[in-house]
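Naming follows writing order (A, B, C and D), and every chain is counted from residue 1.
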Amino acid sequence: MKAIRDLKIIKIDEIAKGIFSLVLERHLDFGALKPGQFFNLALKSRELPLLKRPISLSTWDDTTMTFVIRKVGKGTELLCAAQPGEWVSAVGPLGNGFDLEAPAAEATLLGGGIGTAPLLALAEMLSAAGTKVNVYLGYQNEPYLVENFKKVADGLFIATMEPVDGLYHGNVVEYWMAQEADETERHVYSCGPDAMLHMVQLSLKSRSQKGHLLTEERMACGIGACLTCAKPIERDGEVHMLRTCIEGPVFKAEEVVFECK
Amino acid sequence: MKAIRDLKIIKIDEIAKGIFSLVLERHLDFGALKPGQFFNLALKSRELPLLKRPISLSTWDDTTMTFVIRKVGKGTELLCAAQPGEWVSAVGPLGNGFDLEAPAAEATLLGGGIGTAPLLALAEMLSAAGTKVNVYLGYQNEPYLVENFKKVADGLFIATMEPVDGLYHGNVVEYWMAQEADETERHVYSCGPDAMLHMVQLSLKSRSQKGHLLTEERMACGIGACLTCAKPIERDGEVHMLRTCIEGPVFKAEEVVFECK
Amino acid sequence: MQMNNVDLNGLVLKNPVTVASGTFGFGREFSDFYDLSLLGAISVKGLTLKPREGNPVPRLAETPMGMINSVGLQNPGVEAFIRDEIPFLRTFDTKIIANINGNTLEEYVEMAKILDKEDVDSIEVNISCPNVKSGGMAFGTDPLMASKVTSAVRNVTSKHIIVKLSPNVTDIRTIAKAAEVSGANCLSMINTITGMAFDLKTRRPIIANRIGGLSGPAVKPVGVRMVYETASVVGIPIIGMGGIMNAEDAFEYILAGASAIAVGTGNLVNPMCAPQVLEGLKKYLPAEV
Amino acid sequence: MQMNNVDLNGLVLKNPVTVASGTFGFGREFSDFYDLSLLGAISVKGLTLKPREGNPVPRLAETPMGMINSVGLQNPGVEAFIRDEIPFLRTFDTKIIANINGNTLEEYVEMAKILDKEDVDSIEVNISCPNVKSGGMAFGTDPLMASKVTSAVRNVTSKHIIVKLSPNVTDIRTIAKAAEVSGANCLSMINTITGMAFDLKTRRPIIANRIGGLSGPAVKPVGVRMVYETASVVGIPIIGMGGIMNAEDAFEYILAGASAIAVGTGNLVNPMCAPQVLEGLKKYLPAEV
C-alpha cells in the first residue's frame, strides 16, 4: 500500500559516469512491489527543490530496494551526492507497474539509457515466470547494468550511439528491428526517452506487434491528486488525459499519443 | 579590505549547550581585523536561507578566525551543524569595530550571553595595550569562554540569571554597578541583548560614564548597500538612521536610541 | 481562533485545517495515508458543468520554493462528482466543499443550482483560476464581476458560499468587499499567482500553456499580506492559504486574520502535510475559546 | 539580445547587466569587490527631493527564497546625490541611472528638472515603491496616474526615461502601455511585490511598517511572466529584474523579452553576483548581432 516513509541509504555507487545506484532499506509498510512501479524520492534534509522526484524501482529483495538514477538537474544531483546513513523521504509504491498476471511465452525488453533500469526487475520476474526474455539495451557510449541483465536474459543485445569496440553501433530500436525482423509474436516492453518510445510505437504498429511502454511526465504528487502528470491516451477512439502516476506509467504501446514538440 | 571568500572550516565545537565555536581559515585578502567587526557567513552549500548571517569575530590569529555562534534559527542551525572540511562563504571584515587608537587606562567589559564572544578579542587587545581590563560576563545558566577571558582580564566577574554554585546570581549589569559603584572613570564596552544594552546606557548616563555598545540589527548585505540595518542614532541633537553594518555596529553608548517595543 | 468547532459563518469545522482545491483530488488519493476524518474540510478538485480534459502538457514547472501548474480544471464534471465522489467522501466525518468554476455567469449559476440539492456543505465559487481562457480569473479581478457572480450564486442556493479570491489584483480589498456585500459567507485566498518559467535548453516556456499559476512557500508572504489586508475590511471569515507547509506557516495566516487555513502544494510535497499541520497547530491554539 | 552595446532606445549599455535601485547603494559599497566599469549600468538608491530617514526598524524579514524590505526610501536627497555621488560614479565607465521617487506629481517633475541639467544617463521614474505612504506605488497601479507622471517628467527633460513598474497590479500591460505612450523610452520591472511575515514569538508582523516589499528568487516566476506579457504589447525595451541570482535566471528574463537585466537582491546575498551573472551570460548570448 502507498505510504510515506523515511528510508536509510544503505549503499550508493556511481555505476557509470553520472549514473548512480541507490540502495534503500525496504519498508514493510510498502507491501508488495511490481516492476514498473516507482517511488517519489527526495533527500530528507533538503528543502530545495520543493518536490520529490519520481524514480523507478530497478530491483529489490526482501530488505532492500535499488534505484538507478541519472544525474540531470538539482533534484537528482542531491540524491546522487547523498551518503550511506543519510535519510531519503520516499512515497510509494506508485503507478500501475507492468502487468505480470499472464506473462507471454516470449518477451523482448527495449531499454534506452536510464530507461534500462526499470526493466531489470521485469526481466528477472519474467524469466522466473518462465518467459524467454530477449533484452536490448541502448546507451550513448557507456553501458551499465549489463551484468545484472546477463543473469536473466536469454539474449542480450547492446547498442551504443557512439562507436564502442565489440558493440552494435547505432540506434537500439533499429538493432532490435533488424535482429527480430520476423519475431512479431514476442511481447515488447520498452522504457527510454520519448523519441525512442515513439519509434518503438511506430515499429510495433508497422509489425502489428503488441507491447507496453513505461512513460514519463513531469510530476508533483505522484499519487494522483494534482493532475499535473496527465498524458494523452487514446482509448476507444477518444483521447483522455490520464495520470501517468496512477493509470500509468505503463501504457499499452498503441494507446500513447506522442505529440511532436 | 572587504572581500568575499570561501573559507574552509578547520574546527567546530559545541562549547556550551547550543553555543558553537567555529574556527575558519583566515584569508590574507581580508587584511587587518578589529575587535567588534563581523563577517556575513553562510554555509557555501546552502541555498536556504537566502541571506548570510552576521557573526562577530570572537578572536583570531595569523591563520585562523574564531566565531562563537548561538543556535537560534535556521541560519545559525546550519552553520552550527557544519563539519570540518566544509566551506563557508564569508563576506568581511564588516563594520567599524572598536576604536583602539587611544585605549583608556582602565576599561570594563560587560558581556551578556552570546554578546560575550565579540568582547574576547577586545579584552585581549586592550590588555596587550596595557589597559587594565575588568570583565563582567552574564549568562542564563551555563558560562562559556571563561577560560579565554581569564587569561587577559585583570578582574573577571561572572553572573548567571539562574542560580549557579559559586557565581553571582542575577543581572550582570547590576553586578557591575554594585562592584564598580565608584569607578566611573573606566571606559565601558558592552555587548548583549538590546534590553541589557539599554540598561547599560541608562546606568552610564546616571553615572556620567563613557562607553561603547556593540549593537545588532537585522541585516541583509552587511556592506552598506541595502539600508535595512538602520539604527536610530542621536548625534548633534538629531536622530539619524545609520547603518549598523557600516557606521556601526559599535556606537557611543549615549548615541543609541532604544525604542521601547 | 481555536482548535475545535471553528464557525465559518454558518459552516462549522471540527478544526481549522482544510485542504485546498486541486491539490487533494477528491480525497481518495490521501485515504491511503490517513483517515480523512481528521480534516476540518476538503475542498475538492475544481468542478465544471461538463467534464474537462484540461490543458496540454507539460503542466508543471518548478521554481525557487514554488511550483507553477497549468492543469486547466481537468475534472469529470459536476454530475460525475455527485454520483461518484460524494458518497465516498461522506464515509468520513469532514465537511465537503464543492469548488465550482464557470466559463460564464450562467455556468456558475447552473452548477450552484445543481449542488444546492446535493449533499455538500459549502460551495466554493472559484473566481480566480488562472489556467482557463474564459471565465475563471476574469471574474476575480473585477469587483463588479465578482459581485455579479456571487449574488447570482447566492440567489439560487441557500448553501454556505465561499468565494475564492485571486491574488492577481491591484487591490484585493475591493474584490473581497464586493463578494461580501453580494452574499458570500466566507472568503478563501489566495489562489495561485500567475507565473512563468523558461526551459533554457529549448528556450521555450516550460508550461505548454506558457503561463500558469504559482503556488508553494514562495507565495506565502503575498498570501499572508492579502489575508491581513482583507481581514481588516470584511466582517466574514477567511480561509487562508498559499505556501502552508507546517504549523508555523498556518499560524502566520491565523495571526494575519484567517479563521481557518488550507494546505495546498504542501499535500503534493508530503501527503501527510495536513494532519501534521493540524497536530502542530495544537501548540499554538486553544482547544476552545 | 547581445552581449555588447545594448541599445535601450537611446541609452546604450556596454552589456545587458545592470544593478537594481536600492540594492547597490551609490556603488561605493561594491567598489571594494570589483571594478564597477564591468557593469552596463548602475541604478542608484531611490532618490527623493529632500533627504529622507526612511522607515522604522525592523525593515527586513526573510521568507522562503525571498526577503521583505521596508527601507522606505532612506536617501540623502537628490542634491546630495548630485554633489557627492555623481563625481564618484563618473570615475567608472558605466551608465548612471537616477531612480526618482515623488510624494506628488510635482516632486517627480522637480527632480526631473534638476537632474535634466546633471550628468546622469537616464532617469528611472519609480512609480512602484510599496514602502512609502503617499506617492510611490499609487502612481504605478493606475494607468492614468502612470501616464500623468510619465508625461510630466517627459515634458521637463530630454534625458532617457525609464519607467519602473509595480507588479502589484491586475494588468501590467495597461500600465506599461500608458507609460510608453506618455513618453517612456524604456521600462524596468518588476519592483517588489507587497508581502508580510509574522514573528511567531511576538505574534506581531516582523516588519515595523507591517507590510514591505518581497524580492528575491521567490518572485522570479512573476517577474518573468510580467516581462513576457509586457514585451508583447510595447515597442520599447524592458530591463527585466526580480530574483536574478545567476546567468540562468538572467537568461530566462531575456527569453521572456527583456533587453537588459538588473541584479537586485542577488547583490545583497553575494556582492560578486552581478559580475558573475555577466560572465555566465556570455555562454548564452552572442557578442554582437
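What we mean here is this: a residue touches a chain if its C-beta (ideal position, glycine included) is under 8 Å from a C-beta of that chain, and two chains touch if they have at least 3 such contacts.
By chain, with names taken from UniProt: A, B = Dihydroorotate dehydrogenase electron transfer subunit; C, D = Dihydroorotate dehydrogenase.
Everything numeric here is computed off the predicted structure, so don't read it as measured data.
Chains making contact with subunit A as well as with subunit D: B, C. Listing every chain that touches subunit B and subunit D alike gives an empty result.
Judged by contacting C-beta pairs, the busier of the interfaces A-C and A-B is A-C. Centre to centre, using the average C-alpha position, subunit A and subunit C are separated by 35 Å.
Our note on geometry: subunit C versus subunit D, Cα centroid distance of 34 Å, whole angstroms.
In whole angstrom, the spacing between the mean C-alpha positions of subunit B and subunit C is 48. For the pair subunit A and subunit B, the distance between mean C-alpha positions equals 56 Å. Shown for subunit C are the residues in touch with two or more other chains, namely 61, 64-66, 216-217. Of all residues in subunit A, those touching 2 or more other chains are 47-48, listed in ascending order. Shown here, the protein chains touch around one cycle, each chain meeting exactly two partners.
Applying the touch definition to all chain combinations yields A-B, A-C, B-D, C-D. Interface residues of subunit A, counted against subunit C in their complex, comprise 1-4, 47-52, 89, 91, 217-221, 223-232, 239-241, 259.
Note for the complex: subunit D touches subunit B at residues 22-25, 28-30, 32-33, 45, 53-54, 56-62, 64-67, 69, 71, 74, 216-217, 265, 267-272. Across the complex, subunit B meets subunit A through its residues 47-48.
The residues of subunit C lying in touch with subunit D in their complex are 61, 63-66, 68, 141, 168-171, 193-198, 200, 203, 205, 210-211, 214, 216-222, 224-225, 228-229, 243, 248, 251-252, 255-256, 284.
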